[in-house]
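Two complexes come next, and they have one chain in common, chain A, joined by chain B in the first and chain C in the second.
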Partner chain A sequence: MSQGDVAKSGQVVFAIEAFKRIHPVEFQRRFLSQGTRHSGRGFSQFRATHVTKGTISTAQGSSTVRIGNTTVVCGIKAEVSEPDVKAPNEGYLVTNVDLSPMCSAHFRPGAPGETAQVSSEHLHRLFGGNVVDPGSLCIEPGQAVWALSADIVFLKYDGNVLDAAVIALTAALEDLQLPKAEFDSATGVVSADKTMGQRLKLRKRLFPATFSLVDGAYLVADADDAEEQLATATVLVVLDDNGRLVNIWKRGAGDINRATISRCVEDAGTRKAALAKELE
Partner chain B sequence: MSTNVVDRRRVNGPARSVEPVYASTETADPFAEGREDGRALDQVRPIFMKTGPLSAQESELSSSATASAASGSAFYEQGKIRVSCAVYGPRQGRKSNARMGSFDCDFRYAPFSCSWKRRSHVKAADEKEISLMLEHAIAPAIRVEAYPKACIDAFVTVIESDGRAATIAAAINCISAALADAGIEMYDSVAGCSMGLRGSQWVADCTQAEEDVSSCSALLAFMPSADEITYILQHGKSTPEQTDQAVQTCTNLCTRVYAVICRYLQSSLE
Partner chain C sequence: MTRPDRREATQIRALHCALGQLSRVDGSAQFSLGDTSVLCGVYGPVDVKIYDEKIDRAHIEVKFRPDIGVPTTKDKWTESAVRQTFEQLILAQLHPRTLVQINIQVRQADGAVDAAAINAATMALVDAAIPLHSMVAAATCAVLESGEIVVDPNQEEADQARSIHTLAFENKTTEGPAYVDSRGDFTMDEYNRCYDLCATSAERVLAFMRSAIESKISKEAKLSTT
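Now for the complex of A and B:
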């Protein structure tokens, strides 16, 4: 390559980067109007997903999930507490999503912002009674139950909070080993034996798929950060092991008709097959 | 014991939850037959480091800094310790008449990162203290006079910790790497290392189990090329001679750690 070629190609790359920065909408439209995306993916193509379980030794259950450049770690700590008076045989599963400036400049330091709060709530609702049977967390009815704190910390953010969070939490719950616990009614103390751990029996596993309506016109699967910024609506579809619908959540002001939702559910089924293999 | 204040911005668990009393299966001394992981007494745990985005799956175009990307980031592992850091800056500072730039560090433990208990989401006193420690350790290395009116922010999260002093040393190394990745002008990279005193013998880079049976711990932050110590922290009981010995040994270990960090930084350029 001659000096002239290098200079020209360098200038071309610089021009593309500047264009992407200054006019993100037009930049994305150049690709979307041609039926492709700026990353080269197809409209229904999800990014390569990698799941690793048991990555954090200080947590009772953990997982690391990478969807493209989005990287998230989920750690579950098990503590003991008194059950609620209204539900004396039920334990707790507390889910919290952590989005900090460490993963992206979108997020401010300090208290959780909107995205984190909304994601934490939705995850709590999804996993609450669906996935973990609260009765399986009971140590001594009315006296002691397990309180599982699941924290989903984003290390790198490139779009698609909910998919990454749901997959990470599912994997961490599968990895979770609860020590065998005994309640001493005389002292009120719960003692546990780390060497005898039991896996939780989960009611079902959840397989998420997120679709975004970019620029009001193009429905793409698994939008990355650049595409998410321009999305007018987002649809989250969650299926269980048998392909049954657990949750559809459409948010944003953009219009999505019934045919599109059906297509989303279909594509979610394909995604579920790929994810199931990864979760093994 | 952890008492949860009702935090309206988070999903709350029960008001009070505690760790169960774990039957201690090992009362054995972690130093009974040499060190548990087979290291020498003056050997630091193996270091792995990665700067820039964590995944390597990027196209040429998306590797350019977008508005939402940090200026520099690093992921650092030392044995079981895992620390992640993102650096933003230089960006507009708080004081518009400042002649020198400022360096701020925000340190926190992930709730699941410590073996001794689940950490609360609210910033605890020790996290605030460690944030200041890191600022003091790293600020001397940054050419703040080159960034008037600007501030450089580092956000550090410990994903997994294994030894309190060792984790802080790892955080120092992680921030140094992230600052280098961000292209911040520095006099030198700061390398950190810690030691624990067992009896009368200093042991390098103690794990949590080893630290629990140590009577004293020392933490050192050092700039090898400038031959300057930026931070020393010693707490516990040790004689002045022992402390002196720790500083000497730590300085040598920091130089070794520094060489590893430099090698990783160089290979990230290739």
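Now for the complex of A and C:
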């Protein structure tokens, strides 16, 4: 390659980056209209997903999940707490999704933005009572229960909050070891033995799959950040271990018809098989 | 199996709607499904904060307040869902660099609140004369522990259901759904049955909406000619 060619290829790269920034819609259309995506993936192809459990030694349960360039860490701390008066035999799981400026320029510093709040709430709806049996978190009825505080912190964000968060929380709950707790009724003190931990028996595991309708016409699986910005509709499908449906959530009034949603559910089944292997 | 209020399985509760009750907003609607009552007020197109200003379209904002207590992340979730639905349905390109603000206040909650909120928002947007691609109506179904499917569940039925399905449809219910929120423990077959029941109920709600708007306009026409 001569000096002239290197200079020219450098210019071409610069032109592509500028085009991507200045005309994001047109840039994506160049690929989507040809039946491919700017990352080279097929329309129904999910990014390589890696799950590692036990990455935070100070937390009772933890996991790190990478879906392409989206990286998220989930840490679960277990604290002893008094139960709610209305449910004296039940502990609770509090989920909190943290999307800070560190992971993407989309998010502003300060109070949690809409994406973080909506994701936290959606995780609470998916996991609360469904996955962890609240009764299994009871130490002494009416006196002491385990309060699990799950923090899902995004380190790098490149699309698909919910898939990453659901997988991370599922893995962290599988990794969770609760210290053996004993309630002394005389003193009202709970003593916990860390060396004798026990794993929680989960009711089910959740397997998510997100599909986005980009530019109103192209349905792609696992949209990255650039594609997500142009989505007019998004479908989240969540399955459990037995392939039963836990959630279908379509938001955005983009045109996704009934048959397409059925296809999404089928593709979610394929994704579940791949995720189940990764969670082992 | 009899329902608490003795309705048929496919029967929705009494629909009630009142348009233009609020004098300070550009458009308003109160929508009721039995004991669930939601009030919606719409401002638009109005001034927008510089931060939210979009050069080619209006900025859509939704505020959702529950019947009891301060707004929590639960209400933020509903705000986000309603906003994403109407963002594609409002012809925002006709009003660039403005704001359309949809304010929803739950007056009474007895199940199917999300559906009532979407319906109230549609009617309020029409009352405010905000240009829409199509109207949208929502309906809810619940699959009970017995496997029986009931339409428009009240809070008591919803608490005991194995899964709840809220779907919204545009004018033509033969095309895809505008919004789907199915949660719980269900099969594809149950989902499909709920889909059909919600589509039928949404058609009824749309017809009701149209007649409510027609009667308001004909009343106004009579008043202007006298």
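We adopt the following convention: the second predicted complex is superposed on the first by the 280 of 280 C-alpha atoms of A that agree within 3 Å, B and C clash if a C-alpha of one lies under 4 Å from a C-alpha of the other, contacts with A are read in each partner's own complex, and residues count from 1 in each chain.
Methods note: contacts are C-beta pairs under 8 Å (C-beta built on N, C-alpha and C of every residue); 3 or more make two chains touch, one makes a residue touch a chain.
The structure displayed is predicted, hence computed values, not measured ones.
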Clash or fit (per the criteria above) of chain B with chain C on chain A: fit
Which superposed partner A:232 touches (first chain B, second chain C, both, neither): second
Touched partner set for A:69, first chain B, second chain C, both or neither: first
First, second, both or neither for A:120, with chain B first and chain C second: both
Touching partner for A:265 - first (chain B), second (chain C), both, neither: second
Which of chain B and chain C A:104 touches, first, second, both or neither: first
Contacts of A:29 with chain B and chain C, given as first, second, both or neither: neither
Partner chain(s) touched by A:248 [first = chain B, second = chain C, both, neither]: second
Touched chain A residues, chain B compared with chain C: B
Shortest CA-CA distance in Å separating chain B from chain C in the superposed model: 5
Intersection of the chain A residues that touch chain B with those that touch chain C: 117, 120-121, 124
In the complex, chain A residues that touch chain C: 114, 117-118, 120-122, 124-126, 130, 232-233, 235, 240, 244-258, 260-262, 265
Residue ranges of chain A touching chain B (in the complex, touch as defined): 13, 16-17, 20-21, 38-40, 47-48, 56-59, 62, 66, 68-69, 71, 73, 75-77, 79-84, 92, 94-96, 98, 100-106, 109, 111-112, 116-117, 120-121, 123-124, 147, 149, 151, 153, 155-157, 179, 181, 189-195, 224-226
Residues of chain C that touch chain A when the two form their complex: 73-74, 76-77, 79-81, 84-89, 136, 170, 175-188, 191, 195
Partner chain A, residues of chain B touching it in the complex: 2, 9-14, 16-23, 25, 53-55, 57-62, 64, 66-70, 73, 75, 80, 82, 84-86, 88, 106, 110-115, 118, 121, 153, 155-157, 159-162
